[in-house]
Amino acid sequence: MSVAEPVRKNMGGAKRPPFRFRWNWLGVMPFLLFAGALLILPTIVLGARSLTGPDGATTFENYGNMATPVVIDSFRLSIKISLITALVGGMFGFLLAWSMVLGGLPRPVRSLLSTFSGVASNFAGVPLAAAFIATVGRVGLFTILLKAAGFDIYKVGFDLYSFIGISVVYLYFQFPLMVLVITPSIEGLKKEWREASENLGASTYQYWRHIALPVLMPSILGAMILLFGNAFGAHATAFALTGGNLRLATILIGQQISGDVLQNPGLGYAVAMGMVAVMAVSIGIYSILQRRSERWLA
Amino acid sequence: MTIAGPQSGSLTGHGAAGGAVQPTGPGPAPPRRSRLGRLWPWFIVALGVVYFVTPLLGTIRLSLRHNKGTWEAWRLMLGNDQMWPAFGQSIVNGLATILVSLLIIVPTAYWVALKMPRLRPLIEFITLLPFVIPGVVLVLALIRLYSAPPLLLTSTYNSTRVVMICAYAALSFPYMYRSVDNGLRSIDVRSLTEAAQSLGAGWPTIVTKVIFPNIRLAILSGALLTFAIVLGELTIALYMAQRTLAPFMADIVRNKPFEAAALTLIAFSVTWLSLGMISYVTNRAGRRT
Amino acid sequence: MYGAGRSALLYDDFDQKEANHHMKRNLALLSAFAIIIAACGGTSTDTTAAPGTTVGATATTAASPDTAAGASDTTVAGDPMGALVAAAEAEGMLTTIALPHDWCNYGAVIDGFKAKYPNIEVNELVPDAGSADEIEAIKANQNNPGPQAPDVIDVGLAFGPSSKAEGLIQPYKVSTWDSIPDDAKDADGYWYGDYYGVLAFEVNTAVQADVPTDWADLLDPKYNGQIALAGDPRASNQAIFSVYASALGNDGSLDDAQPGLDFFAQLNTAGNLVPLIAESGTVASGETPVTIRWTYNALANRDENGDSIQVVVPATGRFGGVYVQAISTYAPHPNAAKLWMEYLYSDEGQLGWLSGYCNPIRYEDMAARGVVPADLAAKLPDTVGAVFPTIEQIEAAKTLIVEGWDSTVGLNVGG
C-alpha cells in the first residue's frame, strides 16, 4: 500500500471506506500489543487495586482520601522538582549537546562525552546519592577540604539534604539524558541552512533565533517532557538523601505500599493513578505546544 | 557573537565537529566564529566535566578508606567471584533489550510519523507510562498476570529472564521512542519513503535499508540509554529472582560502604566500556554502507 | 515537519471526525479486550483464600509432631523427620525473602542449612524487603509455582496476626514448639517468634568521640547535625521504634508514645537531627555518626567496619522487639519450608542467630540446658530491663508516630 494511494482513491471526494484505517492500525499493532501486555495491563491492575478498599470491597474512598493537604502537597513538590530539573537540565543539556556537535571539539572528546552521558544518564538512586554524600556531604571530600581551607559550606547554609540539594543531584542524570536525546536533532541541522543564512547576511544570533531553534523546538520540547517524566517518576535518589522527609508523590506511594508498617496500599495505588493522570495532562500540554511549534514550519 | 571572516574557517575538514559518533553524510558545519566564540563550547564542556567528575572523586576517596587497608576495598571487590557473572548477565540482558526495543519502536515510530501523526500523543503517553508506574507495582503486576497457569511464564529462571527482558524493553520505551522520533524529525521521512517505493521497495526493505541507516545516531542514543537502564535496574530483577548486577550491588551497598564505592566505580567503567563498544560497532556499520 | 506542505495535499481526504470516531471505537475495543484479559488474569487477589494445613503438604504425617521430642536437635533422624527431609529434598528448593546476610548472621544460618541439606537449593529474594513487601510478594505470587514465590517470611510482630487474618500463612508447629515462650507465638501455630533485640545507640567514635549513654544525652549541642534515624519514620520498624523507645526514656510509657515525638521535635529544633537515612554505610563513613538501631545490626556493623563503631544500650528506655516466622499458604515448596523451620528452631539454628548478636527465642531453654557456648553468651550486650510492647501497643504507637511525625517533628527539607 503506497503513500500515494489516498490521493488516487478519493479524487471524487466521496466518503472513503473505513477499511483503510484498519490497515494503518496494523502498523502500530505490535507496539500496542507489547505495551498492552507489559504496561497497559499493569496500569489497569494498578487502577483496579486503587479502587479496592482495605477489606477488599470496591470503593472510591482511596480517591477521596487523596484530597488531603499531604497528598496535594506531594504532587506539588513532585511537579515542582520535575519542572525545575527539566528546565535547567534541558537548557544546560542543550548547551552541552551544542558544544559537542557544533563546538569544534576533537573527535575523541566528543565520543567520550557521548558514552559518558550514556552511563551518567542512569547513574541514579543509592550509588548516586552515596557519591554526592561522599563528595559534599557533611564529611564529604570537598566539605572537608574546604573546611581545612577555612570555609564551612554547611555553616553558610548549603545543605545536601534539602530540596535544592536533591535538585542538584537530579541534574546528574538529567543533563546526560538531554544531551543524548537532543544530539541527533542538532546533528540533523543541515549545513546548507547555516550557509544560506550567512549568505543572506544573518548573524549567528539571527540564525539560531529564526531558523535553528524553531526547527529544533519540537525535539527540544519532546526531550523536556522526557526529562520531566524522568524526574517525576524518580524515587530512589530522593529517598536515599532525605529519608521520607521530602514527601514527593513517589515517596508517598512507597510509604503506603512498602516498608514495615500496615498503611493504606489502596491510597498508594490511587496516588499512583494520580501520577498517571498528571502525566496525561502533561502530554496534553506538551502536544499543544508541539503543534504550535510545528505549525510554524508548515 | 559576530560573523567571523573567512580566515577562521571550519575547524575540521568536513562535516560537523568530529567524534566517533558522527554518521557519514550531510551534517551541520561548525559555524565560523570569532576567537572568543570558539572558546564557549570548551567552557561549557569544562563546566559539565567539573560537575560530572566531582561526585566521582568523592567516590574514589571513599573506596580508599577501608579500615583494613587503603586498597582493601578494591582487592575484595575485584576478587569477588559473584561480580563478573552478575556483570555478564546484565550485559547480555542489556543487549537483548536493545534488540527487542529497536525492533518494536523503530517501525512504530516510523509508521506513526508517516501515516498516523495524530496518534502521536497517545503513543507518547503510553511510552511515558514506565515513569509513573512504581517499580514494585509493575513487577508484582507482571507476576500476577503471567505467573499463573496456564501461562506459567515465570516457572524457570530463563523463562523469567525473557519476561524480564521484555519488561526492560517496555521500560526503555520513553527513551528509545523519544530518540528515534527526534531522529525521524530531522530526516524527510515522506520523501525518502516515496523515493524508495518508486524504486520498488517493500515495507521491510524501506525500514531496514532506508530508515535505519538514516537515523543511526538517534538509534545509538536510544541504545546507550537502554543499556544503562538495564544495567541499573533493581526492583524487577529482585522480585523476579534474577542474579544481575543491581541486586548484587544492593547486597554490597547495604553494609560495606568502601567496597560499594569501589564497585560503583567498577560498574561505571564496565558500563562505559560497553557503551563505547556499542558506539564503535554502530559507527563501523555506518561507515561500511 | 515531515514535509508538512505536501502532507496537506496527500491528506486532503482526511476527515478528522471520521478519524476520531474510528480511533475512539478502536480504543474502546482495545480497552474492553484489555479489561477482559485483566479480569481473567485474576486481579482480585486480595480475597482470602482458604488456608489450611493440607495445602501442598505431601508429608502431613511428618509435618506436625506436636509431641516435642526430648532431643530437639534434628540430627536424630527419627522417622517423621526423615520423611520430611525426603519430601523437602524432592522439592529441591526453598525460596526465602527479606533475609540480609548481616541481619542476625542469616548468612551463616543459610550456609548451615545448605551444608546440612545440600540437595535443597536456597533461593533468596529481595533481601531489603520490608514486612509489607513480603506480604505483597505472597499476594502477588498466589498462583505462581516458580522461584519468585516466597515460601517463608520473617516479619515484624504485628504482621503475624494480620497475615493470619488474611489467610496468607499456614500453621506449622516445629518439634521444639513447647520451648518457645507462649507470648511470642500464635496458639494455633500460624506464626512464631524467632529472635529479638534491643534498640541501642550506634556511634562512629572516629567522628564523634563522646558516646551518649542515655536518651537525654542526644540533645547535647555537640551532636549537632550528627544524629539520623535508621529508616523512614513512616515506614521503617527501626525508625518508628526509635521514636517509641525514646518515649520510654522521656517519661512516656509503652502506652504513650507522644513524649517520643516531642523528644524528636526537640532534637530537630536543636539541629541535631539529619533527614538522611542512617545505614551501616553512612555510619561507617561518618556521614551519620550517631544512630539508633537494633543491637544486632549495630554490632554486625562494628564487626564489619571496625572497632571505631561502638554500641551502647541506653541506660533507660530499653526497648525490645520481636520478629516472627511464618510459612506462606501458597508456598510452592511447603516441605522445604517446614524443614527450614525445623532447622531454625533447632539448637543449631538458634545458635546461628546468637552468633549474629540476636537473642534467639529459645534462649532461656537452651541456657537452662547448658547448650549455649560461654563465649557466645558473653558477646551479647547487657539488655536487662528491656520491655516488649504487645501487638496492640505497637499498633497504637505506630499510628500515633506515623501520623504525628510531620506535624510534631516538622523535619522540613524545603520545597
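When the chains are written out, they are named A, B and C in that same order, and each has its own residue count from 1.
Following the convention adopted for this analysis, a residue touches a chain if its C-beta (ideal position, glycine included) is under 8 Å from a C-beta of that chain, and two chains touch if they have at least 3 such contacts.
Just so it is clear, the model here is predicted, and its values are computed rather than measured.
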Comparison of A-C and A-B (more C-beta pairs in contact) = A-B
Inquiry  = By mean C-alpha position, what chain is farthest away from subunit B?
reply    = C
Key: Averaged-CA centre spacing for the pair subunit C and subunit B, given as whole angstrom   = 35
Request  = Indicate the whole-number Å distance between the mean C-alpha point of subunit A and the mean C-alpha point of subunit B.
outcome  = 15
Query = So how far apart, in whole Å, are subunit A and subunit C when each is placed at the average of its C-alpha atoms?
reply = 34
Request  = Provide the list of subunit A residues touching at least two other chains, using ranges where the numbers run on.
outcome  = 3-4, 32, 40-41, 45, 130, 133-134, 140, 218, 254, 257-258
Inquiry  = Give the residues of subunit C touching no fewer than two other chains, as numbers and ranges.
reply    = 1, 19, 38, 41, 43, 133, 136, 281-282, 285
Task = Identify all positions of subunit B at which a residue touches two or more other chains, and write them in rising order.
result = 62, 114, 119, 136, 141, 144-145, 185, 190, 250, 253, 257, 260
Key: Interface residues, subunit C side, partner subunit A - complex   = 1, 4-5, 8-15, 18-19, 22, 26, 30, 34-35, 37-38, 41, 43-44, 46-47, 130-133, 136, 156, 158-159, 162, 207, 225-226, 228-229, 231-237, 239-240, 274-277, 281-282, 285-287, 395, 398, 402, 406, 411-415
Message = So in the complex, the part of subunit C that touches subunit B is made up of which residues?
response = 1-3, 6-7, 19, 23, 38, 41-43, 45, 95, 100-102, 123, 125-128, 133, 136-137, 139-149, 279-282, 284-285, 300-301, 304-306, 308
Remark   = Seen from subunit A, its contact residues with subunit B in the complex are 2-4, 24, 27-28, 30-32, 34-35, 37-43, 45-46, 92, 95-96, 98-111, 113-128, 130-136, 140-142, 171-172, 175, 177, 180-192, 194-195, 198, 203-205, 207, 218-219, 222-223, 225-226, 229-230, 232-233, 235-236, 250, 253-254, 257-258, 269, 272, 275-276, 278-280, 283-284, 286-287
Note = Residue set of subunit A touching subunit C in the complex reads 3-4, 6-7, 9-10, 13, 16, 18, 21, 25, 32, 36, 40-41, 44-45, 48-49, 52, 56, 70, 77, 80-81, 130, 133-134, 137-140, 154, 161-164, 166, 218, 239-247, 254-255, 257-263, 265, 294, 297-298
Task = Mind listing the subunit B positions that touch subunit A in their complex?
result = 1-3, 10-12, 15-23, 26-33, 37-38, 40-42, 44-45, 48, 51-52, 54-59, 61-62, 104-105, 107-108, 111-112, 114-116, 119-121, 123-138, 141-142, 144-145, 166-167, 169-170, 173-175, 178-179, 181-183, 185-187, 190, 193-194, 197, 215, 217-218, 221, 224-225, 227-229, 231-232, 234, 249-250, 253, 257, 260-261, 264, 267-268, 271-272, 275-276, 279
